[in-house]
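As written, the chain order gives the labels A, B, C and D, with residue 1 at the start of each chain.
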Amino acid sequence: MAIVLGDNQYGKAETHVVRVIRDTARHEVRDLVVSSLLRGDFEDAHVTGDQSAVLPTDTQKNTVFAYAKKAGITSPEQFAVALARHFVDDVDTVTSAHITVGEHRWERAPVDGTPHDHTFVQGTQEVRTVAVTVEGGSTHVLSGLSGLVLLKSTGSEFRGFLVDEFTTLEPTTDRVMATSVTARWRWSTIPADPDAAYDEVRTTLVSRFGGLHSLALQQTLWEMGRGVLEMRDDIAEIRLSAPNRHHIAVDLSWFGLENPGEVFHATDRPYGLIEVQVLREDGADGEAPDHAPAWRAVPGFV
Amino acid sequence: MAIVLGDNQYGKAETHVVRVIRDTARHEVRDLVVSSLLRGDFEDAHVTGDQSAVLPTDTQKNTVFAYAKKAGITSPEQFAVALARHFVDDVDTVTSAHITVGEHRWERAPVDGTPHDHTFVQGTQEVRTVAVTVEGGSTHVLSGLSGLVLLKSTGSEFRGFLVDEFTTLEPTTDRVMATSVTARWRWSTIPADPDAAYDEVRTTLVSRFGGLHSLALQQTLWEMGRGVLEMRDDIAEIRLSAPNRHHIAVDLSWFGLENPGEVFHATDRPYGLIEVQVLREDGADGEAPDHAPAWRAVPGFV
Amino acid sequence: MAIVLGDNQYGKAETHVVRVIRDTARHEVRDLVVSSLLRGDFEDAHVTGDQSAVLPTDTQKNTVFAYAKKAGITSPEQFAVALARHFVDDVDTVTSAHITVGEHRWERAPVDGTPHDHTFVQGTQEVRTVAVTVEGGSTHVLSGLSGLVLLKSTGSEFRGFLVDEFTTLEPTTDRVMATSVTARWRWSTIPADPDAAYDEVRTTLVSRFGGLHSLALQQTLWEMGRGVLEMRDDIAEIRLSAPNRHHIAVDLSWFGLENPGEVFHATDRPYGLIEVQVLREDGADGEAPDHAPAWRAVPGFV
Amino acid sequence: MAIVLGDNQYGKAETHVVRVIRDTARHEVRDLVVSSLLRGDFEDAHVTGDQSAVLPTDTQKNTVFAYAKKAGITSPEQFAVALARHFVDDVDTVTSAHITVGEHRWERAPVDGTPHDHTFVQGTQEVRTVAVTVEGGSTHVLSGLSGLVLLKSTGSEFRGFLVDEFTTLEPTTDRVMATSVTARWRWSTIPADPDAAYDEVRTTLVSRFGGLHSLALQQTLWEMGRGVLEMRDDIAEIRLSAPNRHHIAVDLSWFGLENPGEVFHATDRPYGLIEVQVLREDGADGEAPDHAPAWRAVPGFV
């Protein structure tokens, strides 16, 4: 039974490009970490060591920087599509390109009370994400976010759950619920203004998280996903992954003190992890049923 | 077009259990970080908020600790299979369980020159990994490792590659090659002694990395994978993911100094990323062609 | 020459306490990571192993949670002082207590456009810090912040610097300047409203960073520190530590492209590091000249 | 009361240099992360923005690479001293230089059972450290390590401690004790073979940790420090910092199971932190009493 090469891909990970748009005195900044993974005719590169089909990862890095000038960066979606198309269209040996982007957003810094023209403040770990897969003539785009950290100090229950011999958890009708949301959504058609669309999705996610009296994180994620699909017809599917950042009410009765939902120990590990896909019943949105190309650029559930 | 719930799973991530085997004065230590993800009949938990089918993630954590005593930990493979089977067999609402384990290994500390009975030293970031998927009656097991950091100070070339308009890299016949290997391999039959099998695979990976005069990291990974499949008939497939930790020879001619492969700048980002699957030509090893269940427990290429 | 015990201290690091203030329907959240280090009569604990003078670190953790209820958390300064005083005043064997606090701030989440009563959003890595040292009857308080990430896309020069045989850097009159500021300031008198005082200092730091046409990061830090001391008479001293997050303009001429300050490679390591202390000339603010107690609770320059 | 500039320093942090010694076919590799901080006549750089006294941090980076060739790297101590002396002796405006080095050690990889000439394996997070301060004509050297992770599965007690109203911890005569040791030691005279000296100190630390029946981590650290000072006359002082990585015995009685020291929950935060200085009674070892210059290059207790 011969040993053979199977799937393979290669690329340049985490090229950190910052693009300043300085056509006017009021600058804009786009701050992107870009990774490319290419597939194609690379069997010889592995089996004989012949690299003649291999575009070096160093070249892929250069291409990211060159395209930040040539194509510009009007949105991470536009930039990722331009890069992916380039690798598939312009490099003969490449049949498929996966581009992932994480964008850190900068806000205008207030200087003497006024948002400044060329000074920006970040301080956030929230990342806007894009994943693009180009295969031949087709282009698949996911938008998303990670590090959206949310907390409800009340309005969250967890009770009526299954009990087995290893269950010690007490049911509760009032707990703190906190999580760091990762989400990806798939467009049936790419929106004309990806920045505005992103803001709208994020606003909906936050609003639904806060507005729902939660019976479980599962229910909250389902409602968040449903809210996004109700809001925008051009989103075919959304996937959410949310660690449950446990806030344990501390038993202060040892010290003669009451604790009516006031003092919590926020723990790191272990943590619950809830993952949910919400989609439209009829998958007739221009993609094959399993949507593999759209998700191939990103690992994991989301 | 109705909005519906799609795939979903939930569980407890990163329960850190340490098991001391103290049947004799010469103790053994198994140090595992365990994550469980369950699938099953959880639609109501999302859509109506009814949690009666949901085994709390807190219970899953308790089960990890209880099974460390009940089933013991003779290998991470045995422990992960026992846990996964329990969730599927003993919890009515669970149809599929994914268990991932990362094991940190402790070595006996030398005390006055002699390996000690109950003192251990760690200091390594290398992790042995196991991923198990149980679906109904079938059990799928992957073994693996991450953080195996290797470096060759010579015996590595990269030349003859594709050149396009964005290529500035110079070909080289002598470079430093360094990487941190992540690998997963799929057993056609689970070995009787998983610890010995693990050590054999790891030894082979290191030996092939070092023994080959490398023409590219792609070729090195292919030979490493091929070596493992040649060594053990019971491994059906291996996947390797390897960042290229670039070591850039510093141009010292500015300062009137030569640099014949002696002084390097080791960079963090961006980095090349090479991912390869090596398998047997005839997939007749008791698994469906796409092997999805085996890999579902772990995100990404590997 | 006998071998003796020198300085020693011990405590509980990184107790993560979240306090919900729920006296009305409009909740408040204080989210603190608290560390305590105690000094005192602990020689026996080391030399003979007699622990009778040692308050367990587990007790210190309990005390953090109990004081979150007993003393409440109206500001991290008030909470740290209360804790430190307790350890020195109420535990006989403790002569000095150092408390450090990092506070993550939560903002009200907009739900349907309105800031919500009990839903909060975080997403920031910026941390407000407090370090308190109580020694006998005296109390020393530092306030501060870390992770304040700032960027200017123009208005920054670096030229006229010292050149030696190892210098290859070109002078520039227009560069991107970015940094992640860590700052600590020492109060001559503790402000009545520490939250308002903190906001004022942070606003001043951002405003001075943005408002100055910078000739070097050193100059910027000096002006930021000076601005804070000009703004508030009750601050005796400020120390700033700022990594220079280099943004390297990419040479696109290889590809026939111009790059007039538009495309940058943001690098991680190595990075410049600038550290500055700004203080009032006359140290007559109620502290000994070297201010050691105030700074002992925190390691490093800041 | 005028506002003035106080202490200040600047430099280049975390230059990652890898030096291959390839004089014979049997290569050696030294892998160092180097940081430099300079003090001197830099008031104008801050106050007027005049940079004529400032050696750019970029030049400091270049100097690290150039000295890896010019001076070579026979030990991190020799390299750090050479760099620090250069900055003070050769750059007019510099009066004091602090150099810190972290060395990652590579071991020869076994290839077909034999340690290889030019292939190395790492996988460890343990770091050897050096901190050097040169002020005018004097040179101060600290050697050390961090990330030495040790565990005893028995032979460790903690009982007889102080009890107050917030104490809930139960005393124990048999627990798991684990820690990640950071240590720094000060030489009265620099050893001729720093590599051999380092190995000897590390061996002693491990041996004492394992050999002692521990009554507390305080006692263990004291004995570790004492062991080092007994072993080597040329070490004047050692400081140790050790987080207590708590291993909590899980209460399995809920599930009808016994747990006689077999199943532990290893927790991350909060953690105990013990810090100890051990030194010779008579400080007559050629340094001023407070030893400030030796420790200035490194922040914190150790």
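The rule is short, and it goes like this: a residue touches a chain if its C-beta (ideal position, glycine included) is under 8 Å from a C-beta of that chain, and two chains touch if they have at least 3 such contacts.
These numbers were taken from a predicted model, which means no experiment stands behind them.
Looking at chain C and chain D, the chains in contact with each of them are A, B. For the pairs A-D and B-D, the larger set of C-beta contacts lies at B-D.
Farthest from chain C in terms of Cα centroid separation is B. Between chain A and chain D, the centres computed from C-alpha atoms are 38 Å apart. Work out the mean CA point of chain B and of chain D, and you get 30 Å between them.
Counting partner chains per residue, chain B has residues 15-16, 62, 66, 166, 168, 254-255, 267-269 touching two or more of them. Against chain D, the residues of chain B that register as touching in their complex are 15-22, 27, 29, 31, 62, 65-66, 68-70, 106, 109-112, 116, 118-126, 147-155, 176, 203, 206-207, 209-211, 247, 250, 252, 254-255, 257-268. Within the complex, the chain C residues that touch chain B are 165-166, 168, 254-255, 267-269.
Residues of chain D touching chain C in their complex: 1-16, 35, 37, 42, 45-59, 61-63, 66, 90-91, 93, 158-164, 166-169, 214-216, 218-219, 221-222, 226, 229-230, 237, 239, 243-244, 269-282, 299-301.
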